[in-house]
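My questions will all concern the structure given below.
Labels run A, B, C and D following the written order; every chain starts at residue 1.
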Amino acid sequence: MSHPDSISISSGFDSGNIAVTGRDGTTFDLAIVKDHQSDFYQWFHFRLSGAKGVPVTLRIGNAGAAAYPDGWKEYQACCSADRQVWRRVPTDYADGALTIRVTPDADSVWLAYFAPYSMERHHDLVARIAGAPGVVHERLGATLDGQDIDLLTIGEGPKTVWLYARQHPGESMAEWWMEGALERLTDPHDAVARSLRRRATFHIVPNMNPDGSRRGHLRTNAAGVNLNREWHEPTAERSPEVLHVLARMDRTGVDFAMDVHGDEAIPHVFIAGFEGIPAWTEEQGRLYHLFRDTLARRCPDFQTRRGYPVAAKGKANLSMSTNQLANRFGCVATTLEMPFKDNADLPDAEHGWSPERSKRLGAECLGALHEILDALPAKR
Amino acid sequence: MSHPDSISISSGFDSGNIAVTGRDGTTFDLAIVKDHQSDFYQWFHFRLSGAKGVPVTLRIGNAGAAAYPDGWKEYQACCSADRQVWRRVPTDYADGALTIRVTPDADSVWLAYFAPYSMERHHDLVARIAGAPGVVHERLGATLDGQDIDLLTIGEGPKTVWLYARQHPGESMAEWWMEGALERLTDPHDAVARSLRRRATFHIVPNMNPDGSRRGHLRTNAAGVNLNREWHEPTAERSPEVLHVLARMDRTGVDFAMDVHGDEAIPHVFIAGFEGIPAWTEEQGRLYHLFRDTLARRCPDFQTRRGYPVAAKGKANLSMSTNQLANRFGCVATTLEMPFKDNADLPDAEHGWSPERSKRLGAECLGALHEILDALPAKR
Amino acid sequence: MSHPDSISISSGFDSGNIAVTGRDGTTFDLAIVKDHQSDFYQWFHFRLSGAKGVPVTLRIGNAGAAAYPDGWKEYQACCSADRQVWRRVPTDYADGALTIRVTPDADSVWLAYFAPYSMERHHDLVARIAGAPGVVHERLGATLDGQDIDLLTIGEGPKTVWLYARQHPGESMAEWWMEGALERLTDPHDAVARSLRRRATFHIVPNMNPDGSRRGHLRTNAAGVNLNREWHEPTAERSPEVLHVLARMDRTGVDFAMDVHGDEAIPHVFIAGFEGIPAWTEEQGRLYHLFRDTLARRCPDFQTRRGYPVAAKGKANLSMSTNQLANRFGCVATTLEMPFKDNADLPDAEHGWSPERSKRLGAECLGALHEILDALPAKR
Amino acid sequence: MSHPDSISISSGFDSGNIAVTGRDGTTFDLAIVKDHQSDFYQWFHFRLSGAKGVPVTLRIGNAGAAAYPDGWKEYQACCSADRQVWRRVPTDYADGALTIRVTPDADSVWLAYFAPYSMERHHDLVARIAGAPGVVHERLGATLDGQDIDLLTIGEGPKTVWLYARQHPGESMAEWWMEGALERLTDPHDAVARSLRRRATFHIVPNMNPDGSRRGHLRTNAAGVNLNREWHEPTAERSPEVLHVLARMDRTGVDFAMDVHGDEAIPHVFIAGFEGIPAWTEEQGRLYHLFRDTLARRCPDFQTRRGYPVAAKGKANLSMSTNQLANRFGCVATTLEMPFKDNADLPDAEHGWSPERSKRLGAECLGALHEILDALPAKR
């Protein structure tokens, strides 16, 4: 067992986020740091050292004013000693504070809102996928912090599919989802992937928000801008990430799009559509529901009962990517939401929702797309 | 480049099968050895040494009298230097002889009718799967050569599913399929597997015919018996493999069964049913077609146009496992057939049908079963 | 916990060896089977199924008449559930019987005299090493059972080094040693390997006795012949393995040779020399001791205090390989012996001597050879 | 082939360092950025995107004023497409500019002064090693940027060994060396490691300068301080890294120390001693040379002919760690230097000196230490 005096907390690394505001014995008062130039916060990620065998209480005092306080209800924090397997640890939310109780079984453990996906892993991912036959890897442009916005193009078919993730950088499950989807799509022996690559061309942005990711933000880029409120009018100053991606979309067209997210509050996987867009057609809606129902039939980690309320006719927010794309291109554009908590229909008390489940869901979504692809019209 | 004098051919290993009957320079006359106490033969597996950079002609003179001469048409032999990746090499069939032409890029290469699955790999597989949480591994009894007949039991649900493979030992793709199915079914993070394990109990025999496998047989066990003609009346003397498995099935009942095979002639993946059984019901037939069509919807490596002719009413051969099981238990029992050649609808000139594709198909079949499982009646 | 009725023992696989001679509840009477056409026996290898959680007693009744009864003293049998990690289990020797007591933590476990090295793994090894740059893989000829005798040639230097192992097939640690030596010697980044490959040419026979290996023999080939008593006069009828290897040695010459073995009785790693050969020179002896002492300096798993008695002047048995080679070629030829038990100087109660330690010793022996290579004369 | 217009260069990632100062077609003018608050610079690390198949010229115009201009002579830059294998690419130094010519075979490639070792990999390393039996992982304190200073303690023997690396953060080979040393030292089957752990206790700091590492510095920490000039008088303001480590050394004592570095100019691996320290003893010197000569005997990647000049009697710079430690503790303290270029005695045109060679050298140094450990006096 470590000596309590040696216990410390640090966050000086990729996507690290915490401030230590006080300490009483083995109880630490913590605060999540706001996104730079923004009031959003909810992502935390820190290392706890020197507490092997010591019961430690970690009290995030400003949890109640975080972006989604409902996210803390029945939430269990993620903890890893080896940085590979992330397990849930006892966590309570009361009186505006989130209290995590952990007795580490290792000298150092890492805690996070969700299993992190570092920019180093991002570069490893794009380099690996780029090495698969037939893949083109491009840099669409620079973020405000000078990072590359990476695009992978896969397949040679006439339908145009766009997949993009992590507009909200704290939703790291979205890039785990991408890893699973990219691994399947480039699998030389997978029949679904081979068929998809023949029938469609995939344009994939595994991480829309490198700056927010590295900075440990919840929801915004280096300028404190929520990228998913910029699609009506992105600018080089506020949202170059969206500007570059949308410009490329305008060149390629879009027949199907999926924007991958995590949701703080709802303990389910679900998708959201584009119901209130001005250019809505019944056929668009039918195909959206076909994809949704196909995925639900295939995957017990996906459901259709719980999700977001639907916008009224004409009331869609066109600053959001899927509304914008569905309206702009007349395509099916869906927002996929995975939980920070767990899938309550198929709970895993040990891991909750996890990187591994996110990856498998990515692969399964390609299966659903395979089933409906021929029904989608090709606009060009 | 090697010197031609050093070229040799050997088959003294697990599932090895070839006889060298003559040689003229770098042309070798070969013959496939019949299954012990049987006239069946078509499986070959041998090592070619000392021919790096030398164009070698391998002429299997007795191919025309093999069990399925149609299997040789447009067939390409499998070859590997590293025993992991198996590629197809130029192969012609004419005048009753199969001629393989290969210029090895390694000092030794292995050639086979299909990528082998050794008994060592079998033991590694059952040991590994047995180590997953909740799996029970049993030995049902002994083969005539004294090998174990291995059964893996997975899941805790009320429906009873039986998967068994490689009654015909030369159909090694059937055990590759098993590896893929078992890996998915024991995946702790796969939602389909988790749901299946809750709703069904799986009884899985990855290799029904260890003796034929090790001996390099095409179709029979150590006594020269075709196990898939023994299900009406298995005996300890001729077919202990079937005797032991059927006895266990009688104890567990069967709600769904899949018998995994390879087909020599047809360049497609397909399933066969149990149409002519005496106890046929329309509901059984409907569920069989539901499974078939679900799999076809999901998997571009599976199709429903090509396959075996259907038995007339009451004419089913009850010595075959799926007919026997469908009749005996009133269940859906399907025979899955994978090609030795390729899937002509989604050809892969480099690998043809392959271990990797067999494994992915195994995983995909579980996906189809997931979709239809709730529709299957539980008989007990 | 399994039900005792289901417990069974089988050995129908590569290098399997056991006979069940009786049973009383959970106590099994076993006998090791003699090598074919020989009285030698001591190697055992079998699978115990159906005994999870059941205390089982395995009594090898004919242990006292085995080849090396001293080998049983303080010997602990090897057991594995996953066929990768082999642990020692409680074992006693008394009244001519070896009694192994095990309560398996898995449905099936494998027990063996030492961690097996199958012929499938052998083929995988030679295929893998043959794929490294600059390696030549040859088949020197056929065994009596029709298996290939494999030779790997590595390096381009003027000194001629021969490494060969497993003349005695039950000494499986000898091929594990080979795996370690071959992996290091083909490592493109290892400075010792790179230097050795420039200064010497290595001729390596990873398995001198494939037939005995596959048959589960202790000490002899398919004809019941102890290959290490054939080097004065090998014949095609009795010892083609030696005949082929010695013929190649006569072509290449030998500057340094190592014959890799396991010793049943002595709980230490040691080497034996060639002291009593007719052509003995002091310089040969000095270099032999230089190698020995260099290895001892480097490796705590090697020692020089314990070992075999030294032959008197002129009394060396020239039918043994190292005596024959030292006498025939005037070279340093050493017999390396690893324990079946443990290294008593650095004991590992959990694993005893192990595959992993054998591999690391193989790598370390190359280090010692590197240090003394320049001192060895090149005869050609 | 990519279109030249799409070519870009970025460095917004862990240890990234470059500035683009101009461009003419496919020729880029670059400048290395100075260490923060320092004039040192020589480390570069950037990503080149969009240049697949395009011959690109990268001209680092301020190379001549870098810290070690001699380092550029016969230097070849490191390049990787998969971020795992780093190969050397044609590089020339003339007129104060370093010119790298590369025609990438991938859409993105990474170039660096030496294969980087990111802080993410550092955390993965300490987490993995901390998980080995008997290892204690501590955070000694914080850097100026708020990163942890990690210490691993391994072994239970009476001799006290300190290994520390990467005081100069651009010398990333030093942490690769650590990875090799740590993997060997925690190998449960390696006899040298097992013996070392019994006879000594190792205190290991894999990265003395996390801030410089992450910032892409050559030689200094976040305050622009060269840590290896602080050992006489470290302070919390300038050099907390040294302050914390030296305080712990004062508690443990030091019997043997190795400070791991890279040298820009000399194309060899060598060690430097502590010749001019006031407290010099002949016995200290003898043991230092014993270690040096032992390592040279073992490892063709190490030599003793080339290296640094030796300080005159009493002239040692006690602000440098090894002088300070040898003087303070009367121990053997050595500085190990690996090349950025190659080992000219055993050149590898493809990789030059490399991560893999650094790792193997780390393992080999433990072998040399094993040989001499008993000769070292234990001071406590």
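By our rule, contacts are C-beta pairs under 8 Å (C-beta built on N, C-alpha and C of every residue); 3 or more make two chains touch, one makes a residue touch a chain.
The structure displayed is predicted, hence computed values, not measured ones.
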item	value
Shared chain contacts [chain C and chain D, defined touch]	none
Greatest separation from chain C - chain, by CA centre	A
Cα-centroid distance, chain B relative to chain C, in whole angstrom	36
Whole-Å separation of chain centres (CA-atom averages), chain B against chain D	54
Shared-contact residues (touching 2 or more other chains) in chain B	none
Chain D partner contacts - residues on chain A that touch it in the complex	6, 8, 10-14, 47, 49-50, 81-83, 106-108, 110, 118-121, 123-124, 126-128, 130-131, 136-139, 142-143, 145-148, 210
Chain A-facing residues of chain B, complex	187-192, 194-195, 297-302, 343, 346, 351, 354, 356-357, 359-361, 364, 367, 370-371
